[in-house]
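These are the structures, in structure tokens.
One chain, chain A, appears in both complexes that follow, with chain B as partner in the first and chain C in the second.
And now, the complex of A and B:
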């Protein structure tokens, strides 16, 4: 039971990181209808540059973390401002190509500016642990799960219970009408990308504290978050986030029961099964919303 | 929306494939064709001038991961080769000619390595392959090199595919992972008799070889072995750590990337499981010890190259020469690159004619050639293994302490 509990805890923690990361993808997609494949690298900028500033330049850790987060916020906003919003209408998919290019650019730049090695990151509670019913729980697990719950709830309340949320949803539904009604759509959009950058930075720092940091380490998280988004629907709120957590648990159980090399195939098998078995109207969430 | 969804899925799938390749899936190495023609088939015509040789220069080349997740090793090895050739050229070169190394990026990907090797052989017209770094990528280029009969000198690509009867154009200078893990396990068994040992290795040829080496050493000893294959890019190491804890091995051996080694050790520590550990030679690199040394205290490490703090005069000379060339202290991968270039240059010096056949004949004359960096190198007719020994080190504090300079399988 202790082992299974340990696997479930690890799965829920990793799934929470997928969910928190996906939250940033969702809010950007819902407001600007764009996918950002460089999103993981935006987070990487925060953690890798924070590592560089505290480890190589001797800055205090909190200062280095703040600089890292700020950089991620600026870069994510700049991606929208300089690239995404300049894509002409009626060119579906161009945002994917553009952000894939930005992904490669950011990777190369960070490798050149810092290095290509993997580095340990400040532990942020990973070393502090206690045992509950045979399951070892670290402070890092608690921070990740707690922060995910609080952030997701705050995002939900912001989107559904405030006038700002109403403006955001109006902009997402029809930017022209929202603009005519006095909503500053461009500013809202930039703010959304900035908040998404902040979320990416926080997730990347948490991941780095549990694994390590290098120029590539966020890519598997990006892929898993997107998979959860594809399965749960990028126009929904709760379902993709729940799928993200479930994906973490499913992956952990697959690795534990079938072996470590079964983890990735099991995830892709899940996508095929979902696409094959789930009714089309469920996958096409826009139709469902209209219905 | 539906179109966009499809585009997203397609792009996601492409990214996954790119990532899988970039992360060095060790299973990706191509199987090399067996039964290649032996060196003697090339012959040595002393009057023949081979490709890449002019009156003033000899072009040599190789591919390495200079970008992507394996770039740290490739960049270090490249730097080591370039430093050696710069020193050699400043001293007059070889046979009155400067050596021009051309090192291309293969991103640790077998198909890219093959494409780049084709570029080197057919466009750049290199005479020989000088070293290389990374097993799956180099294995990807081996069938092509074999077809073209291009000698490859001392690539760092430990695999049972190389150094044996097959692929006679590849001259290895490091043991394969079977030998490395057999020696490492032998060392543990010399000190104590654990009841259980475990291995976590990159799935595919690399992990399988390490497992085979441990099994050889453990044969008939009644010691249980658990093997857990791992895929690079794992996001949660808790299941593997839990599996290891459940098995309760006294020793856990690792053959993973630096990042994944660190990630697994962190996960093991998080769940309170801290067995004795051992690892492949990559963990003897300064960059690993600097970053993950705190998690890796007392870890046994195979040493394919000598300690940089060795008293061996040849090692001291290397450290001084490298530092003079680059202005900084060398790393393990700098060492590897340096010795790859050194062995290539020595073969070119010994070659009676500057063509591939004569280089192969020259390589077959190496007998206990001392570099100081590697165990003595011996090649001969049909013998491509080069070395059969590794050293054993242990991570203590932020240092690597040498326990045995050279431990061989000659029992």
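And now, the complex of A and C:
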């Protein structure tokens, strides 16, 4: 029981990180109908530059983390401002191509500015452990799960119970009409991208504190969060987030049952099987027509 | 959406009205131009640049394949380099078991087809964006497979591949490698050109421009997308086979996500949807790192590549070929006006 409990806890924690990250993807997709392939690298900027500032430049850790988060927020807003908004209408898929370029650019620039090696990150509570019913729980696990639950609930309430949420959903539905009804669509859009940048930064810092930090570590993470979003549907709210947590649990169960190297093939097998078997109406986006 | 359909009529579309009289000389002209360009490297370049030219030929097969998928069908694959890797590693495994190049090629095509079927069939009956994400996972899977089969594939250290031997041609000689690569590259080009005139090629364009419209006029959208993906995977596999034979050494970083992104950069910069663009892209992806190395700034290549991809996609979505076509049209347009005013 202790073993299995430990596995489940690890899975739920990883899954919560996927879910929190995916929340940032979802709000951006729902407001601006675009995918940001460089999203993981935005988070990487926060963690990697924070590491650089506290470890190489000797700044206090909290200050370095704040600078990192601020950079991520600025970069994510800039991606929308400089690139996504300028995509001509009627070219579906160009958002992925453009952000693919930004992905490459950010990776190369960070590698050039800092270096290409992996570094241990400040632990942020991953070392403080207690035992609950035979399961070792670290403070980091608690922070991750708690933060995810609070953030997701807050986002849900904000979107569905406040006038700000109504404006957001209105501008997602039809920007022109929302604008005519007095909603400041552009400001809302920029705010969404900024908040998404904040979420990416927090997740990336948490992931770095549990693993290590370099210019590439967020890419596998991004792939899994995107996969959860793809299975759950990017225009929904609860289903993709639940899928994200489940994916984390599934991955750690696969690793536990089949060995440490089984994670990647198990995830690939899962998406192929899910996409092949699940009825089309469950996995397709509702508003497929973007013409 | 209609804009792209309106502004990009395929030349081939007008051909039936032109009649057969002009088709043959035109084909001969094209073959002659191709032959003249193909003769330049072996006649004028030294061994090293002939070797680089041979690599351009291999990568041209890859970019032509990606162009069929992305440029013509509008589907995005982020694992095109991984499919090259499938080809290259199949070649390696076949070569270590004593099979010659012809058997290697047959195995490469078979394995590429199977891998592409597994990736595309469940994915492509759904929306195109999903394909991009599943191909990402496929790239991860290939990297994992290579890491965990060190005995078979050489693992992260890479592996040296025996050169191809066709009669007296030996692909470890740059000139011979160039001549060997010329044949598949020419066939791939001819097929890609011809594809634009077939029903399948036009179905692909219809799917790219509007899936909904394509479906409403009876195009089997899913089948067209899967066919495009299979063709592009075979192209990538053959490119991997050539790459392994020409360079003689393969390693996982040659086929990772970044390599796939570079191929994407190549197709977009060259000009998506055109054969010429794919060739320009292949030259870019092979020669640009060399240029930066010669300039003493090899680290600039990825930075410039990323910036170029974003900027070109936003500002000149049709790449170099589109840019050239616009300039050509403007020149001709100006001349036409002058003639009219006379």
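Note that in this section the second predicted complex is superposed on the first by the 285 of 291 C-alpha atoms of A that agree within 3 Å, B and C clash if a C-alpha of one lies under 4 Å from a C-alpha of the other, contacts with A are read in each partner's own complex, and residues count from 1 in each chain.
We take it that a residue touches a chain if its C-beta (ideal position, glycine included) is under 8 Å from a C-beta of that chain, and two chains touch if they have at least 3 such contacts.
Keep in mind that what you see is a predicted model, and the values were worked out from it rather than measured.
With both complexes brought onto chain A, simultaneous placement of chain B and chain C is prevented by a clash. Judged by the touch definition given at the top, the superposed model places A:96 against both chain B and chain C.
Touch criterion met: A:276 reaches chain C, while chain B stays clear of it.
Of the two partner chains placed around the shared chain by superposition, chain C is the only one that A:88 touches, whereas chain B remains out of contact.
In the superposition on chain A, contact of A:264 is made with both chain B and chain C.
When the two structures are aligned on the shared chain, A:35 is found in touch with chain B and with chain C. In the superposition on chain A, A:6 contacts chain B only, with no contact to chain C. Among chain B and chain C, the chain that touches a larger number of residues in chain A is B.
Contact with both chain B and chain C is seen for A:220 once the two complexes are overlaid on the shared chain. In the superposition on chain A, A:138 makes contact with chain B only, not with chain C. Contacts of A:120 after superposition: chain B is touched, whereas chain C is not reached. In the overlay built on chain A, none of the stretches 43-51, 115-123 or 313-321 of chain C clash with chain B except 43-51. Residues common to the contacts of chain A with chain B and with chain C across the two structures: 35, 92-93, 96-97, 100, 103, 107-108, 111, 219-220, 223, 226-227, 230, 261, 264, 268, 283-284. Within the complex formed with chain A, the chain B residues making contact are 1-5, 7-9, 11-12, 15-16, 19-20, 22-23, 67-69, 71-72, 75, 200, 203, 228-231, 233-240, 242-243, 245-246, 257-259, 262-263, 266-267, 269-272, 287, 291-292, 294-295.
The touching residues of chain A, counted against chain C in their complex, run 35, 83, 86-88, 90-94, 96-109, 111-112, 219-220, 223, 226-227, 230, 261, 264-265, 267-268, 271-273, 275-276, 280, 283-285, 288-289, 291. By the touch rule above, chain A contacts chain B in their complex via residues 3, 6-7, 9-11, 13-14, 17, 33, 35, 37, 92-93, 96-97, 100, 103, 107-108, 111, 115-120, 126-127, 129, 131, 136, 138, 140, 207, 210-212, 214, 216-217, 219-224, 226-227, 230, 235, 248, 251-253, 255-256, 259-261, 263-264, 268, 283-284, 286.
Per the touch definition, chain C reaches chain A in the complex via residues 1-4, 74, 76, 78, 118-119, 121-123, 125-130, 132-134, 136-138, 140-141, 144-145, 147-148, 210, 212-213, 257-258, 261, 264-265, 268, 299, 302-303, 305-311, 313-314, 317.
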